[in-house]
Amino acid sequence: MSVAAILPLALKDLSFAAGGRTIIDRVSLEIAAGPSTIILGANGAGKSVLMRLMHGLLAPSSGAVLWREQGAKTLRRRQAMVFQRPVMLRRSALANVVYALRAAGTARDECEAQAIEALDSVGLRHRAASPARVLSGGEQQRLALARAWALHPEVLFLDEPTASLDPSATREIETVIKAFDAAGTKVVMATHNLAQARRLGDEVIYLHAGRVIERAPVDEFLARPATVEAAAFIRGELPWT
Amino acid sequence: MDLIQVAAAVAVALVVAPAQAARPFITVASTTSTEQSGLFTHLLPGFTKKTGIEVRVVAVGTGQALDMGRRGDADVVLVHDPVAEKKFVSAGWGVDYHPVMYNDFVLIGPRSNPAHARGRDISAALKTIHATQATFVSRADRSGTHAAELRLWKMAGLAMPSVKGAWYRETGSGMGPALNTASAMNAYILADRGTWLSFGNRGDLAILVQGDPRLFNQYGVMLVNPAKHAHVKQAPGRRFIGWLISPEGQQTIAGYKVRGEQLFFPNAR
Amino acid sequence: MDSLADALHTALTLVVSGDATLLGIVALSLEVSLSAVACATLIGLPIGAALAVTRFAGRQSVIVLLNALMGLPPVVVGLVIYLLLSRAGPLGQFGLLFTPGAMVLAQTVLIAPIIAALGRQALEDAWHEYEEQLRSLDVGNFDAALTLLWDMRFSLLTAVLAGLGRASAEVGAVMIVGGNIDGVTRVMTTTIALETSKGDLPLALALGMVLIAIVLLLNAAAHLLKDAAQRRYG
């Protein structure tokens, strides 16, 4: 694919306020290709908002979100996002993936084949004809990942993708996420699950009350957190605001 | 919204118009009392069978019927208000005026008759109704019947609206609805005999005064002036008028009976 | 209550006998109302969808206006369209006055706001659920609106049925623009009005029962259709 890379992503003094509250407070950091990045933080720390700011679903109140290829028409298409609750259209599983491919400009006669391949890669080929909405929670989330896979994004954002799933479904999702990582996709995932962070992540960005207060490789962060708040969080003592 | 309306109108017209253009037709503006008497159902088939021309009757109050003529929304006007008709023609809106038939008005009232209105003298009856302040229902809708009612009050020396009171109820409606109201209120009301004979909801009402020549109700027919409205269907319109005043048409009119009684008396000249 | 029993008996007799005049009136009523619903849906749903997914200055005012238009008095709409279609009016040359076409036009004007307003409400609720995912997939406003319309087709059916109910029930507009011409523009509601004003109340009541029965049947059919399709598509 001869499309220009959009990474690295630079956040410059990024802030976001809503309803009189500051949710993201002057965040500056750079996200490079390669290691999978976990955004950790307690509930209400601002993880979801930060992800949406990066992906472009929210406009910052101040500061900038700067990709390497700014203003490229296909900027959005080089990224994909999976949400905590998967959103599926009222059509078959296959049709949902085809929909995403069509939206990304894929030629009509190529969509079905690519969609089947994507379903295959997450083990849902046998459910291609099922109405997407009757699939189980875990299957729907896998379908969301298949949909993202079909787009071959450079960056995959995941906002607490397994928070609503049981352990076995969680394991299935994590397997797919690891496959994305292995294929070279940049994984940026928000979670409050420490064990998951260790299983899937290479580096951790720790968010507290809208500010990035720590950034380190995952093992180092979990073993020797540098800040008091991070240490309290790891011990499970942080209040869930 | 206008553009959408026009587009919709055109789209619908394209669909609907062809289906209707099959048979030639004329639009006749007439009155609710004439239609509700059932005359048209009896009268029109004969004309259509003979000429193949469909007659579409829009039945409204006399005022609205004449207005339709002025606007050019009808080809022929058939109403029963000689004064208004004369004005219509002299103002240039109508041509080819012919008297067609007459029926009469009757004074309807409760059998208990609190105003003691009875007999052949309509003026005397109206005077006693006014004197006793008995409830009287008026159509008050610029219809031929309404115009006749106002003339009768005037003739009795009691010109409306000066003698109005709480006893005088104006409904602003057609003959049927006004009769419904009178029936519900057990009130007096002036009605055309035709509507009364076909009226089903009489309650305690009955005819109390009839036969006074002043209760005479003349019908006239006119062609809407083609000089004012070029689209008026002159030829079929004139054929209809011609048929109405022909012996055949006049006999058909006379042949219409409700409960064994003749309703309309042909008098074309 | 004698009238009711009378009327019920008359209604059943009319229906069973297959009275030709009644059938003609019912057929015309259905033709007019269903045509109006079709036109109003084609106009109203896109407007509702556009309002649901776009944001612009004055949007709230437009929504308030649209909701208010749901309450347009039928007789006023009838009068305005009469003046437009009259030979003396701006659209007189089409000769549409006193035709079923005029009745369809009047009813379309009446129910398009209903379908648009109710449609917007349903679609806006759906948009809350879908917006982020569709934006993430780089779906623009126009395609998003189309996607919502298709995905919410079962809920939108309710909005359409509301429009159908209003169209079938109204008498003011069709009376004025149609002229209640026997055999040409006489529909169920105007016939009921006519029979009432003639004092034939049992017949009017009977016709009313037939009208209600027809609307019930239409709604039941729509419901069954929706149920079956929902089971297939989830």
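Letters are used for the chains, namely A, B and C, taken in the order the chains are written, and counting of residues starts over at 1 for each.
Definition applied: a contact is a pair of C-beta atoms (placed from the backbone, for glycine too) under 8 Å apart; a residue touches a chain by one contact, two chains touch by 3 or more.
In this text the structure is predicted, and so the values were computed from the model without any measurement.
Participant: Indicate, using Cα centroids, the chain positioned nearest the centre of all protein chains shown.
Facilitator: Here the chain at the core of the arrangement is C.
Participant: Give the label of the chain whose average Cα location is farthest from that of chain C.
Facilitator: A
Participant: What pair of chains is linked by the most C-beta contacts?
Facilitator: Greatest count of contact pairs is found between chains B-C.
Participant: So how far apart, in whole Å, are chain B and chain C when each is placed at the average of its C-alpha atoms?
Facilitator: Chain centroid spacing, chain B to chain C, equals 33 Å.
Participant: Take the average of all CA coordinates in chain A, do the same for chain C, and state the distance between these two points in whole angstrom.
Facilitator: 46
Participant: Could you please state the distance in Å, as a whole number, between where the Cα atoms of chain A are centred and where those of chain B are centred?
Facilitator: 79
Participant: Where on chain B is chain C touching in the complex?
Facilitator: For this pair, the touching residues of chain B are 1, 4-6, 8-13, 15-17, 20, 27, 32, 36, 40-41, 56-60, 70-73, 173-177, 179-180, 183, 198-202, 229, 231.
Participant: Going by the contact rule set out above, which residues of chain A touch chain C in the complex?
Facilitator: By the definition above, chain A touches chain C via 52, 55, 57, 76-77, 79-81, 83, 87, 89-91, 99-100, 103-104, 131-134.
Participant: Inside the complex, what are the residues of chain C that reach chain A?
Facilitator: 129-130, 132-133, 135-139, 143, 147, 150-151, 232-234
Participant: Touching chain B in the complex: which residues of chain C?
Facilitator: Chain C reaches chain B through residues 35, 39, 43, 81, 84-89, 91-92, 94-102, 104-105, 108-109, 179-182, 184, 194, 196-201.
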